[in-house]
């Protein structure tokens, strides 16, 4: 998941969309006093610090590359919250870890976007595959350097 | 071939005709060419498709496919009309110039533009520049891949002759002159027919029509094939009928490195070595340097070097005396190469060496000698007179533009059903079907794609990336569409070499026919004249239709 | 009249003598390296072998093969080769991956399924030669030696092995494949 | 951490007039560094465009990590896995990387690559080769000599030299 | 030749090392030695098992199958007894001698048991091992009065385990307030409020004098001020110390813990240390000490494992961070907030919402933080400390949710 900070104005639509299904919101984007944008959502890291530090292995990297929480194993000790550089772990009413799973359950197999991406008014929030993203950026970099040159 | 080190230092203008140098042979042409261009030489590329090398050219002529002969004749006519031809070179070194002039006179600039699609002003400017500068022509095979391929090449050579750009440093017409391998360096005859063995003359099979020969050869029919160092089904034309013929064989033996189409249909598949696992000698057909091949690593897994396979087979079939058991690759090389050949100079850790001029001179024809019946440049090819009588119109001693058999002009009725002409370029990342299965190459190329002009795509409702079906009477291929202006309208491009089992094979669509004279029957011949009897196969002589799959 | 000056034969001979290296003598002027870099580390290799590439593009590059522990570690162009001057192409550099590919045909295979099904069983080289020997003798008796044909082209365009197969086929009396693509 | 603006000691100059998009640098780099299929430390991007006369022209640009002087990726990395190494090259400490992708979103050239293990990998600038004075793998093995590595001083000297020679020969 | 690795201790550090050795060197032979019998469990989860929040099967981070990897041998219930550095051998309690090429000492801490009259009474116990937890769980359901001797992290965890409805828990707290080594006065006051609401009673500035077995199955705890507390159960929670006494005669440099270099290698080559036994440099103060923290242990375990397979990785200096959670009230500490010389402290206390946020800066850089009630941006602040970034607007950070743009990493 990637947030393009340039276009985002912290309107909070994504947080609202994420909280619709009766669960706690798992994404929060705030505008700091100095105008900077702080984005708290899970980057689904390749080697997640939260999973490394969780005493009961409640947080773990799933086969499909999403970091998934298993509340029944969670102690609520917040070690993951401290470890994660993006404060991307949220806690439900019962203090159990509840984090972004890219709307895993509802979207499996469909090409629909996760709720927050769909709700983003400015298209600043994009769900991207890291490998695919580098190819796109390289294409853009080459295009930007496009010079119709003659010898 | 004039050596690249020579022409790149002296030429002032290079025409790359039908040659995507970035596709094959990137190391020599492209690098020396850039050095020449950075020294001020100008580059003109003649290729219907926009290739990487065309993008570096000063002028890029994009003639309609198969109309190269018309373009060359148009240029000749323009040069002669301005009196820029080299009169005394023509008088001293050519034969039959008047007949050529008569033929060229028909090709006014307007007619040239109407047939080839290249603007008249551009043709005129290129012709004038070519005539008034020290100019090279680098020929590839692009323009030869049609049934009128031999005429196109003859017209281009005539263009060089008319301007006297032959045999001079920086001014020559380079085309495939087969190099030292066939110019006497290797005495293949002695090795293939050892002294003391009574070897009866056997019939000849032309490889361009191997599929047809397998189907139609009689007394005896072809019943056993040993296939190695080449692909019979993937790369042959009209693969479906080749497979029919293969099914009627008693046995088909394949010696290959990887499993693919051919091995699927074989009875016995033997593991082959790559070039780094065995001895070899490979003189180039473009430059004069030779580095003998020595085994670098042991044969991998249970693969056996080809020399050992054939020698062992020879011993098993009772010819032991001609295949001495203890012969190594070096011993065979000593038998194949001339006795005075400096082996240790040309072999690891030394080498490469330059071969003597008698095999391949860096500046051929520098002394004005041409090995033709008249000893001159034959604008009227006397060797073809006899054959011109047997095949009126198809074959003519003087370069002429004859529309390619399977093209809009050549077969209007077929063109109504299959309007698009499909060119199968040599991909830069593969040697036809080799390297296709390597992970690094697969990753660079992605799935097989065919290039389609935006107008043709729009007319058929095809967008970029759609899965499309390319078909004609012979077969169909499924590939992805790449909608681009790199191809001309009514022209398509699909790289050669895609395997049939992986999809996207183009050769299965091509009609099995020999370019040039028709005197090869159905592939079985008694005599074969290297210069006359059909040199290549019209791979681009192909009309297809395409639809969304 | 053409405005382009023409070199006389003597000038051309002098030009060739001046600009083209002498014939018949090794042009190698650098000693073969003993170490190379690999994965951002310097590694010593068992040997570096000078050979050439015999794929069917007309440049026949000079090649330096770096061999370590019996495996082809990497391939570079031969800097002393006047044509490719130390450089090769995208295909040449992938050779270690090709040579050591696990997908290579590892041992002789005999078809068990239908033609085109692609089902085979493993065979030893002796069994393969016996099988081929029987088929060749049977073919010669039933159809005559010209019923055998060789299909070869330029997958590996080197000339040596073709002469030896040519010797066997001419002794056997098989049909001869000629022409080119 | 103060804003870094040290010019890198070494850079890679791409001569677009010589690059013909043959991808040899990709396989050369992959062979040199045993990079599995998937991530491409250097990738040639082909672009179809029209030249001034309206003809279709292809341009090619090999893109790898540029080892920027003021690298946005160094600032973006939450676990300090990217640091300024020798010769001014941007060095990646693989064991610190958690694979979050922030560096990729910060990099305008899309240089960071992610393999099967989802941990970032990228062109390390052939530090070992350059410290021995050797050219980088892609530079040495590029068939058309389109890549040239060196310090900014060397590269501008090289580029100017080539330009001057071309102009001079055209007048000659 | 295949490397023989021996890992002493199956705590967070030991398990992390096993995983990274396996990933980096598939062919290695690894022997995992655990002092306690049975499948390795995570100690931090014990309190949640005691109060019934967590079913026992979730105590184990990895199922038994995970350990049955090729080349891995297990020795559970046999703590290490002696180390012979020259002959590179470890002798276990059962007398077995284990040769090793690389050794990781990750035996963690062990609870301290100070002598006091009556300390050996049946009602008195520790809460450190799974056995303690099972015993405590069995005995706690009948107990209505519990006394906890100690006021540190373990005492807090024990209280969390026992503070259920209808039970009073007494803290004997030598200092003025709970968790004196982690929290400052204000944060501790807020946390104590939450505890007291749930039935905790704090006895400040006192210590345990004696325990006498008292009426029936109960006992009586006498404090230094003479007062007396009836108790069904007494849990000793006086802190921990590195579990290194079995290494007393080994020629390995030690102070509080084993002295290790940046690559977590002790003074004896090939012998590494990680977790609560390793004395490392602190990220903020630079002083050498034993952080004894779960997150530090997992990171050190991972890096030590990689170094044992030949890597030469530098481990991040230990950044102390801890969290105390009681029902829904969360307190988090980062870095070294209690070091107060030449620092500027920014704090904001909101009694009604029981929110307290305190940032400690030194030379414009964040060196410590205590967040109580509202721990938003704690992860971000941790990476700000790690990075040593200059904070231009610390005031803004005290406010809840919005994060000021003032941070310039």
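In order of appearance the chains are A, B, C, D and E, and numbering begins at 1 in each one.
Here, contacts are C-beta pairs under 8 Å (C-beta built on N, C-alpha and C of every residue); 3 or more make two chains touch, one makes a residue touch a chain.
Small disclaimer: the values here were computed from a predicted structure and weren't measured.
Asker: Indicate the lowest number of steps between chain A and chain D, counting one step per move to a touching chain.
Answerer: Each step joins two touching chains, and the minimum needed here is 1.
Asker: Can you identify the chain nearest the overall CA centroid, using each chain's own CA centroid?
Answerer: Centroid comparison flags D as closest.
Asker: Looking at every pair of chains, which two share the most C-beta contact pairs?
Answerer: B-C
Asker: Could you work out which chain's C-alpha centre is the most distant one from the centre of chain E?
Answerer: B
Asker: I'd like the Å distance between the centres of chain A and chain B, where a centre is the mean of that chain's Cα atoms.
Answerer: 55
Asker: Let me have the rounded angstrom distance from the C-alpha centre of chain C over to the C-alpha centre of chain E, please.
Answerer: Using C-alpha averages as centres, the distance is 66 Å.
Asker: Counting only Cα atoms for the centres, state how far chain D is from chain E in Å.
Answerer: Centre-to-centre distance between chain D and chain E: 46 Å.
Asker: Centroid from C-alpha atoms only, then distance chain A to chain C, rounded to Å. What do you get?
Answerer: 53
Asker: Find every residue in chain C that makes contact with two or more other chains and list them.
Answerer: In chain C, the residues touching two or more other chains are 77, 84, 87-91, 94, 97.
Asker: Which parts of chain B, given as residue numbers and ranges, touch two or more other chains?
Answerer: Only 26-27, 31, 56, 428-429, 439-441, 444 qualify.
Asker: Counting only residues that touch at least 2 other chains, which ones in chain D make the list?
Answerer: 17, 22-24, 26-27, 38, 57, 59, 78-79, 143, 145
Asker: Spell out the part of chain D that touches chain E in their complex, as residue ranges.
Answerer: 1, 75, 78-80, 93, 95-96
Asker: Sort out for me which residues of chain A touch chain D in the complex.
Answerer: 2, 4, 43, 45-49, 65, 85-86, 130-131, 133-143, 145-151
Asker: Quick one: which bits of chain E touch chain D in the complex? Just the residue numbers, please.
Answerer: 302-303, 306, 311, 313, 316, 383, 386-389, 409
Asker: What part of chain D is in contact with chain B in the complex they form?
Answerer: 17-18, 20-24, 26-27, 30, 36-38, 40, 48, 55-60, 143-145, 162, 165-166, 169-170, 172
Asker: Would you mind writing out the residues of chain A in touch with chain E in their complex?
Answerer: Counting only chain A, the residues touching chain E are 28, 30-36, 38, 52-53, 55-57, 72-73, 75-79, 81-88, 95.
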